[in-house]
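Multiple structures follow.
In what follows, chain A forms one complex with chain B and a second complex with chain C.
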Partner chain A sequence: MKNNLKNNTVKFLNKNSRKLSYSNSSLIFLFTALVVLIIIVFPLVYIIKISVIKDGRIFFDGYIEVFKDVKTYRALKNTVILVLGVLAMSVPIGTILAFIRNKTDYKYNKAIDYFVFINFCIPSYVLSVAWIECISRGGFLHRILKMILPTIKYDISPYSLTAAIIVLSIHLYPLVYFAVGSGLKQISDILEKTSFLLGGSKRKTILGITIPLVYPTLISIGFLVFTRTIANFGVVSNLVLPIGTEVLTTRIFQAISELNLTVVAVLSILLMVISLAVFKISKRVKYKEIENTNNTIYYYALGKYRIGVNIMLSIFFSIALFIPLVTLLISSFLKRWGLPIEMEYLTLNNYKYILFESEVTKRAFANSIFFGIFSATSAVIITLFILYFKKHNNRLKDKLLFSISNLPLSMPNIVLAIGATFAWINPPFKLYGTKWIIIITYIALFIPIVLKHASGLSSNISLSIDDSAKTLGVPLIKRIFVLYMPQIFSGLLSGWIICFLISLREIPISLLLYRKGTETIGVMLFMIQSNSYGLETTSTLAVIVIIFSVIGNVLVKKIVKGNSVNERISD
Partner chain B sequence: MKKIIILVIAVLTLSLVGCANNQLESNQNAQTDQNVEVNQNVETDQEDEETTEPTDKRITVYISGPENMINKLEEEFETDRGDVADFLIMSCGQLRSKVWTEKEAGQIQADVVFGSDPLIYNMLDDEGLLDSIDIKNSEMIADEFKLENHNYFFVNERYVTLIYNKKNLTGELPESYKDLAYNDENYSIVMADARQSSTGLGIAISLYQLNDNDIEYFNKLSAKDFMLTKSNGQVPSLIMEGQYDIGVAPYDSLIRLRKKAKNDGYEMPLEAIWPEEGAIIIRRPIGVIKNAERTDEKQKTSEELVNFFISKKAQLITSKFGFASVRKDIENDFIPKDIKTCIIDWEKATKDEKQFKEQYSEIFK
Partner chain C sequence: MKELVIKNLKIEYGKNTIINNLDLHVKKDELLVILGPSGCGKSTLLSGVSGLLKPTNGYISFGERIFFDSEKKINMITEKREIGFVFQDYSLWPHMTVKDNIIYPLKLKKIEKTKINLILDDILKDIELSDKKDVYPNNLSGGEKQRIAIARSLVMNPSFMCLDEPLSNIDPILKMRLLKLIKKIQIEYKIPMIYVTHDQHEAFEIADRILIMDKGEIIQSGLPEEIYNEPNSAFVAKFIGRSNIVSENVFDRKKNCKRLVIRPEDIEISEKGKYVGFVKKKIFRGSFVEMHIKYNRETLIIHVNNDKHFVGEEIRFNINKSHVI
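Right, the complex of A and B next:
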């Protein structure tokens, strides 16, 4: 009797708690789905609509125009060259550095971490500015050469597709470094020791065992490098567009300038389809991940190669980091870029202007910080729900929501901005001209980034914890925030940091959507030179942005010490 | 627990929908409150909180030009009126594409558009998107700047010259636009990209017209060490910095750079050559965008702004920054008396624009 009563009570409680949990679950799912639909699908639908509907009629003239136009194929060809070039440079650089750092007995491995991290904090557009300041005819390289050889005829142009490949590779290799580094740590020493026991040489073991084991990471990070390259606007607009060469993003930008919005929409879809296709292909590649269960890593002895490695790293970091930084720093103190570096031409006025006098710049910093914090936090919350439903329910609708949320990864920022313009300019969601249009577009951009950072961790979590909590009647929200979130916290946090960093350097979205009062750092970087200020002002702003990014990152990492965020920052 | 749900949903809803409603609400409130006298202090507080949101009293102005000049103009215009206008400064190319994108999306968000060149204004006017407004004291505007059959007005005039770096260019100097492309000197040349810069497009079309609509001129240019910039402002900067020897750009930017160099205490290596064909004249228009939903108050402010830009007070400000005035009572001392000028046939340029751009894009690919 007593047992019966107890059983009935438990049944009743379970039934009711499930009911409560079910209704909460539906409500939260509905809300998450609605948010995703509004901020991601709605603008996308508009882009498709513009590409096929004109004056209320369906037409495919835009597609015909784009595919008949030789400029499209030229831009496509240049885009392919750019992407292949960047992959061919950044992947080996990042992999070699990660190998030296994580798999050898290199003494200054912490220094590599710091240098790569600082490199990672430099916005790509800033790197392209530093490149111009170094390589152009009025640049520092020419000045130095002229001191050595006064009669030298200098005709190196800083503007070319090759220049963009070099600059983008320097910008993107840290992504490869972080990801491959993390992958190398997962390799147990058993495999390598077995290879040696079987008579394998160091070279054979590295090429036959160690490197192949990070192929999955290389494929995954290769796709990320691909999407970041194909979506890049700042570098190509600074280094490629001036000589009239076009890639797809600049072709879209040109089509906007040519006032041909149908072409803009068609090109945006083309760019998206390419990214999506590569994403699908990269997903189809089958591989088996290996987990380092005994937590032991084999370190290769550098031996006689130590000096060579030191020289190689010194040269590399000089080119990739110190020369750009020193160039920017010197330029930032010049009264006008191009003047000789003499005391009479040095000034602090550029800093005074940007930090204290220019209201727009101050506002841009405040906006970027606010937009970054708000958008990154919102993206993390939405991602948390998406991942929870995918992990714990895994219904068709959960998988669909997950897939849709990943879509912006294949949408370059300029496409997101165009979609947002059309989606948010008319009622009922008239956000155009307000800060919210930038924030919402940032959230759409950030969701797949956070997803990418946290989904791996989520897949390793056991379902039993949530099931037990559910049995005990723990409400859904508590299960999500108290049980589930801490388990993927480091992923969410690293995603948050990346998103925040992006908001400090993002150009295309802000450039197309800003208005007075909503300027961002990206807008200022891009525009300040247009407003008759020379490269010295851009350099000053760049130096401040770099310092700001580094300090911000260090602070966040200090706050969350122990959460292995460093390792995940670019997985 | 429900509190947490409500909090999370509230935060996200605020970011997505609330803000949209905010805007709609503010518009609706403003419409209904037109006759309500608002306490000045309260209004100021609200504006402080919402500095980035447009209020119904403020007009939006899309404007291109030097930042300092625009700030000065805004300050002067608002001296007696208060904060009634939001000036969004952009490059002329951006202004052009922003206006067109918004038009295609449903409604141009600006009340007044100033800067760029007549091409975009002709296109807007042809589509009936510019308001016809009354210009006070129109008798003070020189006849050559008066437009018939158009709903936009000229505010300034600028002169396109050859600008060169005297430290780098020591040999024989070009005397005309033609020399730049056809002589044997191996200059490195820079110009604004006609696809990115609206004034750049005006200059390129003028050069095209000056060369009897022969695109070969640009072929010759492209064969040299030639570079395109995204804006005209960058052209003299790049020449001054030593990156390029010579370029085609408006003379007013040179005046501003000279002033800056004088203030900062360094030598300015730039000089201008007034071309034999005549300095190309680019006129900067202003227009009020047609919008049936605009409140009377905003319409009044928009018309006042146009009149202000043509007033002597504003014209004296703009002429300090190198822009020649359209008024009879302000002397034009930017261009030497004996210098020839040439005016673009904007009507023809508007018609030829598409074809020209296609040919131009084929060359600079």
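Right, the complex of A and C next:
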């Protein structure tokens, strides 16, 4: 029996040892590295190339032109105003809500969670549509005011930088809420109790201990809000561009329409450098970690402030959530936006048209779903290889591959799209105008998102699992797919769903790269309104996108077991 | 005279009674150690005294100041009680330097800056951490953190101090140093202290008086030597030191006999010993050898200085001291 076992073991090892060759690992690494280089580095190099090389010679005229142009400074100034405005609004809103939810005895704290979550699921562009439907002449606000005061002169414009600040703040405050909330939960009750014991009042303890303890979280989430705002295209193009005001992203868009490619490249680099710098600074800021060692949280009693808090929250969620949702919902059932809200003007035709009749929207749905599934799955496979090599080999080249793969996280989507346009417009890789250019750019966008979701799980895996498999003669591919993948599966799956959801709402990449036949839902959201369809069709599409988004995010929440989902889901 | 008075104190968590009708006096300048197993209610008692928990019933006062009186519906808020409290987990604020942590209560009292600096320098000298003023807590060792926590409680000039297992996370050698420091501070600052622990060695090292608690009630209170030599129950005898708890009739054939507590060091092996048993087991414990002696139906533990007996050997012994419980 002993001899039998010995013979069988030897046979097994011999059979598998051929597959354990070094070249197998190198081949997979080479393949992964090539994919990353082609889809991430190659477009980036092209942007830089176009910004400095013309007719085969190096020149910096593009940079001189951009930095001499007063429009650049105007766009920069507006971008700074936009970013500061959004920070000034979203950070306090998110912090106050997180405080009420996590640090007080507020009775309906679960409701806050749900409301913020739904707010989080509404794409920023959709919010800007709701804003226009509410505020514009003939909008719901105007109609309500007219009912109360028939002679009122209404001259509020929905288009302004302030409007973009408000809409983006409503869109981004959930990120602050999730991050600050988890920070507040880390504060051990004894830190606050000690303040009381030393004579600190509630007010002094909140301002001197509780809030300062989440400063590190506030700083890091502030950086995230900064990069999201600076990269936003949908809201600014909808609310700021119509009045001729420009920010960096719309300036790039304008330069594209003027076919001034050098300026496009230079502005893209400028936008990317700012984003990258902020991203790097946020990574370098050293925080003093807090750790809740006894897992108990101190809850401040609201007492006499309870009524005030109720009123404040009711007003806030009415403005940030219910009014936009109700506005979109009502508009989606109207025969034509602007008609009175009466039974005779209500219809289901908009839904029928979008879901079953319009060939373009049906195609857009099919495209978005296909692009999403294909890109998210590809990104998951590439990420699996990147993480495996980083975890088990951790050589310089593995670390480098990991860092490069994370690059798109700090690149605005519009820059990714421009890089793809430059890289894939000419032979030998002429992909422009095909669906593959969108898919490839989506993969580049998705890899760091999946990485972020799965790398935490990967770091918790013991290296001895792979080592023991090696000693048992398990080949590399099996080690990756049968042993390693199941251990990080929940991270990969939640990353996959997030990526899929992004593909259902993403605007800048598909808008720049689509051609007839490759339209996406994002393009339709943007274009339906731009053409003669009217806001009721945009609203219908928006409602459908919100429903998809809520379902998807609920799924992700279930998979990651209650962890907040604050990944890059917006455009 | 300023002393802490607790009468009829009852603290409940939902339907569970954690502290049950407890009476306690802590004298001025006294260091009272409350000793008891985990979950006996000793930390809850401190939370009740300091106002972090609202008792269900009872009376708590310090000198003239009534902290809590359920009959008169008085419940002074924590921040007004001026009680120095040191937690097991240090509770240093990680976003503040050592200096900022210590002067926090002084700033709350709006004491002028020059005076604050003087107090800070003095207290840092007392706890031997003058060079750590600008360091953040995450760069300090456990012992240093706990000294800072003690200093922070002291600068507010507290009425008395509560220390809730302050040295549980400290290694044994450093623990002895810190115990000496706490005792020194208590004597120099003349502050009554309640020190809660489950470690009897800590209790014997610093206690003026020890109070044994179990299931929310005081089981015994007395001087350390009283508690050790005259435990009033099997629980105390088992909890403090090692002991043999045997029935009196093991040695003398009496009816209605009581139980005896015999400390291992009070059993002496002698060739002319009155009792005969045999060695069942030997354990080397460093400075002594622990022998398990089978006698009648019981196994007695004996501590001896030498290792000359072997397992199975018949030995004779005398009992020098025993205590009836």
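Operating definition for what follows: the second predicted complex is superposed on the first by the 430 of 571 C-alpha atoms of A that agree within 3 Å, B and C clash if a C-alpha of one lies under 4 Å from a C-alpha of the other, contacts with A are read in each partner's own complex, and residues count from 1 in each chain.
By our rule, contacts are C-beta pairs under 8 Å (C-beta built on N, C-alpha and C of every residue); 3 or more make two chains touch, one makes a residue touch a chain.
Remember, predicted model here, so these are calculated numbers, not experimental data.
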item: Touched partner set for A:F196, first chain B, second chain C, both or neither; value: second
item: Larger contact residue set on chain A - chain B or chain C; value: B
item: First (chain B), second (chain C), both or neither touched by A:T434; value: first
item: First (chain B), second (chain C), both or neither touched by A:Y159; value: first
item: Touched partner set for A:S188, first chain B, second chain C, both or neither; value: second
item: Touching partner for A:F548 - first (chain B), second (chain C), both, neither; value: neither
item: Touched partner set for A:F370, first chain B, second chain C, both or neither; value: neither
item: Touched partner set for A:G208, first chain B, second chain C, both or neither; value: second
item: Which of chain B and chain C A:L241 touches, first, second, both or neither; value: first
item: Chain A - residues contacting chain C, complex; value: 188, 190-191, 193-201, 204, 208-209, 212-213, 215, 288-290, 293-294
item: Residues of chain B that touch chain A when the two form their complex; value: 1, 4-5, 8-9, 11-12, 15-17, 19-20, 23-24, 51-54, 60, 66-67, 86-91, 93, 96-97, 100-102, 104-107, 109, 188, 193, 195-196, 222, 225, 227-231, 233-234, 237, 240-244, 253, 256-257, 260-261, 264-266, 357, 361, 363-365
item: Complex contact set, residues of chain A against chain B; value: 24, 27-28, 31, 35, 38-39, 50, 71, 74, 132, 136-139, 155, 157, 159, 237, 241-246, 253-254, 256-259, 261, 335-339, 344-345, 347, 349, 360, 367, 374, 378, 381-382, 421-422, 424-436, 439-440, 443, 475, 477-478, 481, 515-518, 527, 529-535
item: Contact footprint of chain A on chain C as seen in their complex; value: 50-52, 77-85, 87, 89, 91, 93-95, 104-105, 108-109, 136-138, 152-153, 156
